[in-house]
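Naming follows writing order (A, B, C and D), and every chain is counted from residue 1.
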Amino acid sequence: MNAFRCAGLTLGSLPPGPRAMITDVPGVRVGHYTLIEDVKGSAIRTGVTAIVPPGDPYAEPLAAGIFVLHGHGKATGLWQIQDLGELETPILLTNTLAVFSCAEALLTWTLKRHPQARSVNPVVLECNDGWLSTIEFRPLQEKHALLALDAASEEVAEGCVGAGTGMIAFGYKSGIGTASRIVDPYTVGALALPNMGRREDFVPPSPLALSPFGGEAGSEGMGGSLIVVLATDAPLLPAQLARLCRRGLLGAARTGAPADTGSGDFFLAFSTTLRLPRDAKSVAVEIIPDRSRLMGELYRAAAEATQEAIYSALLAATPLTGREGRSPPIFRPKNR
Amino acid sequence: MNAFRCAGLTLGSLPPGPRAMITDVPGVRVGHYTLIEDVKGSAIRTGVTAIVPPGDPYAEPLAAGIFVLHGHGKATGLWQIQDLGELETPILLTNTLAVFSCAEALLTWTLKRHPQARSVNPVVLECNDGWLSTIEFRPLQEKHALLALDAASEEVAEGCVGAGTGMIAFGYKSGIGTASRIVDPYTVGALALPNMGRREDFVPPSPLALSPFGGEAGSEGMGGSLIVVLATDAPLLPAQLARLCRRGLLGAARTGAPADTGSGDFFLAFSTTLRLPRDAKSVAVEIIPDRSRLMGELYRAAAEATQEAIYSALLAATPLTGREGRSPPIFRPKNR
Amino acid sequence: MNAFRCAGLTLGSLPPGPRAMITDVPGVRVGHYTLIEDVKGSAIRTGVTAIVPPGDPYAEPLAAGIFVLHGHGKATGLWQIQDLGELETPILLTNTLAVFSCAEALLTWTLKRHPQARSVNPVVLECNDGWLSTIEFRPLQEKHALLALDAASEEVAEGCVGAGTGMIAFGYKSGIGTASRIVDPYTVGALALPNMGRREDFVPPSPLALSPFGGEAGSEGMGGSLIVVLATDAPLLPAQLARLCRRGLLGAARTGAPADTGSGDFFLAFSTTLRLPRDAKSVAVEIIPDRSRLMGELYRAAAEATQEAIYSALLAATPLTGREGRSPPIFRPKNR
Amino acid sequence: MNAFRCAGLTLGSLPPGPRAMITDVPGVRVGHYTLIEDVKGSAIRTGVTAIVPPGDPYAEPLAAGIFVLHGHGKATGLWQIQDLGELETPILLTNTLAVFSCAEALLTWTLKRHPQARSVNPVVLECNDGWLSTIEFRPLQEKHALLALDAASEEVAEGCVGAGTGMIAFGYKSGIGTASRIVDPYTVGALALPNMGRREDFVPPSPLALSPFGGEAGSEGMGGSLIVVLATDAPLLPAQLARLCRRGLLGAARTGAPADTGSGDFFLAFSTTLRLPRDAKSVAVEIIPDRSRLMGELYRAAAEATQEAIYSALLAATPLTGREGRSPPIFRPKNR
């Protein structure tokens, strides 16, 4: 269960899956590599998170779509998703200056499995952890990303792990969060990397609305960013997945995410079941029409799962002292 | 003052302008024409709302931008804004099947002032009031839209007037709502036409969160739409105005707007001061860079003003009985 | 046969259909209403062209996509195609100031067939014929558009008919042109309304490359616009149809289309076989993957058919004297 | 002078700059690193090309815009340009699997000059040279890209150098090509990396149209890609630069570029004079309105320069034998 559900909280009208995690979508796995070390005066507080889809994404690319709320980000691989709607590698999340080491890892990972490949489109998304971590040392290497890929499993560690290690959101320590929703017979899962917002932007989960906040405000005035990855086993077309992303945005907005001027707010969604085998001449698909009520429920699921995943990232976060002795407060309402 | 402020409510961190209305942006005026009549078995509950920018929009087009969350809408004139960033007519809001009568009115209005014009790009946005009004009678005519344009003034009537006449949102009677924010020395104003959402989607203004709702649920299961028009006297470029629209979206999401499958959620923003005279060879502009703190505050203003304008539309709405005797409940928390 | 083929010309590597017209796509029909009259000192030289897809577009919307090269245009109905990928009415082409009369006609046409409809998304595209026609008189009425719809048939008149009546391109009299290509077992058809370009922009069909031009240059310096509608019976998804539009753009560029500052260059493509019935819960589709060779051939077909349709519009045009006695030259190379 | 002008050819209506190269735009420099070696059974035929804008791009980002015709590409850094319109590093061109080594080089290059930087958006574009080069060995390293940056000068080597080393286009050996146009008082420059098209797609420069082709057809059926970078000293806004890119597309289409299913056709344009200093609170700009004739001429310049740059890449190419002994023919018409 995710930290949100473990705290006894609920949100929205749709039920979560059994784990309340993105891995409730069959076959989806998540792995982390966390890098915490202090060398040569640095405070490295960073990592990589891998989201691994089921099957062979290169041989059978997955339908995928994106939405970018504010484009101040360094993500790789997005145009091929934007234009062609295909995801052909796992997805890595990391810090802003480690994007390209991680992309190299996805090349290596894919070429190992497909030695004949001449073109690979690695997808890496990022948030900036430079407030807590000596990001400019660029300590993360390809090997770390490969370890995150190897570590992928169905149980998702939340909080200050992997790419979540150095995150802060709404002035609190943040990290990795995840959630899921069931829209029978389908599941929609979300994994969030929230790194945005000032204290006064925060809209806490509703039964906690009137609780006094603990701790002191974190990094004032940082714009920050937000990454959300949505997975579903509904056979959605790329354009529908892009629309699913926009509902993730609605969920993020309900937590108070401000999309400030420096933010890179990227949403990516993929379907594990609508796949486009590389050499297929035709692919039989059962489209869910956009007007259908089911589609509306899937939209609702994306919004709820995203909102919950962001809250779960905050609730799972644990104390961490980083660069220049900074130690952002933990979000724990007093009545718990 | 808008209905939200008149109810003693506040929201967000930025102060409203003196009227708490879109007309706090100097020179912006709003007019309505309301059409309520019962003829030949019909129940006409509809209207037109005109937002008139200062100056001569055809001779000196205004910088403008849009964002469309879900494109199930029949708006006219948007590509020229999307691609070229120019608004050259007033903006009309009306019902889904009256869009083109209103567009004709804008042609007439412009050709009267500029007889030499050979090309005019009328901007009309719409929501569907067919649950309360016999929309398929298509009763609104060009003359009604011209009357709305003529009626434009700085005092904005809210609630069940103009295009707001037949609106419902979150199961309650809705209408026209407006709000504003000051980001010294600039003003950001919003006018909303909310026609979306189910009762369970609603996130009430926060001090009212625990109040019991009055009345019965309105039209279950209707997707509905949302139109938001933002105005500012900050000299924003078209791309910046498009980004302002996306922050309007954040404010809408905080009220619970679901962007359901049938929704047409259109956001349009214009600047009254960044103007591109039709025959100018060059135009001197003071750009506010995207990274600046001021830009972040303008984004915040757009989110807050949009959220408040939607609430104000609900709080200003008054009882109305329409088609098939339908009479949606009014949102009034019991403790007020 | 279209005028291009009647002139003994060929172009590209793919074969045309039996008519070399958009109506080679089974079930597609085209109708015109031409309005030529001189009243009260005016010279009316305008019209409406209707492209009617097979079946009932409202009950069973067609997959559709668009591409806009330069957005200086007043088209209606495009956001619903852009975002949701659905075409639910016939397509009308007309002059810039008659767009909304034509849109009303599509409302009437649809409500007559579906009295219960409460929302209709009429698609109308336009070019400006104000150089030859007294466009500001706004003579075209809804009834004229309904007559164009009624006149739809499989044999397409080209040249100075319907919306083509007042067109000029590359300084020559232009009009309606059409063409098609076979990509076994599918057909791609194009209908073009070229109204753009200066004489020096023109790239004539290649065997005519060195022929001296007849006549005098037409309206110098007018930016002009270009509308291209593509139809296919290949079951393409909306995103694929949008990409098909971009290949239409390639074909247009090969004729020298400049996309000048005042141009509204709109491309719209629809599939007659990938249909999304309004109340369907799921739709079985055989997707043609984007990487397939067949998709590449369909792209090639769109480029070739568009290029040929533009040439055919010029070759089919006949002398016409309009506003202020203007009479643009006819494109006929001397060696023919 | 570029290879096209050296061959005595001309194209279009606008005059070239003194070098007929992108470096006619004051301050723009271009450098190459070419990697040709045969080790361990490989045939490495690849390289990096650097386009270095004047001034300090990180301290004073340049206005920039993009257009993607077909998104099958692995470019980095584009969302920040797409959304925010800013270029903050030099631009590197390389092969598909070397994108991320090059991106690392841009991080190193920037952090060396701005040690306090915590976020850098490196822009790297690519074509696939895997038909001539053992691309999957991934031989290009960060150091090679840094050497290309160091080598930047005002004289641009064309043909089989840098990223052009392993290119083929229209079945011929291709490479780097460049061209420029003067629109007084401004210059528009283009640099092209054409790697697309089949022999039958090719539209040769017009006086050469009827000449028989020399040599044998190269790699049949490869989709290929096209990269075009446009530079100008006109103070264009990001949205205008994006539109400039679309005119580059028109020029590319006139050479026969097909945008086949596997293509990544990316166009990027930047202004050397509209700069947005990182900490500026406001920036005074003289906007050139979109409707102005000057803007139309700048569009024309972009189309002509792109078309010429592609031809120049073919005319500058020299024989090269690569992987599996492949040696694509050289485009040289017999009459020269």
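Of note:
Rule of thumb we're sticking to: a residue touches a chain if its C-beta (ideal position, glycine included) is under 8 Å from a C-beta of that chain, and two chains touch if they have at least 3 such contacts.
These figures come from a predicted structure and were not determined experimentally.
Steps from chain A to chain C, taking the shortest chain of touch contacts, total 1. By residue number, the contact pairs of A-C overlap by more than half with those of exactly one pair in B-D, B-C or A-D, and this pair is B-D. Averaged C-alpha coordinates give centres for chain B and chain C that are 34 Å from one another. Centres computed as Cα averages put chain B at a distance of 44 Å from chain D. Inter-chain centre distance (chain A to chain B, centres taken as mean C-alpha positions): 34 Å. The multi-chain contact residues of chain A, meaning those touching 2 or more other chains, are 70, 83-84, 243, 290-292. Listed in rising order, the residues of chain A touching chain C in the complex are 83-86, 237-239, 243, 276-292, 294. Residue ranges on chain C touching chain D, taken from their complex, read 13, 69-70, 200, 203, 206, 209, 221, 223, 243, 246-247, 249-254, 256-262, 290-293, 295-296, 299-300, 303.
The part of chain B that touches chain C in the complex is made up of residues 68, 70-80, 82-84, 96-97, 99-101, 103-104, 107, 111, 115, 117-122, 128, 130, 135-136, 138, 264, 266.
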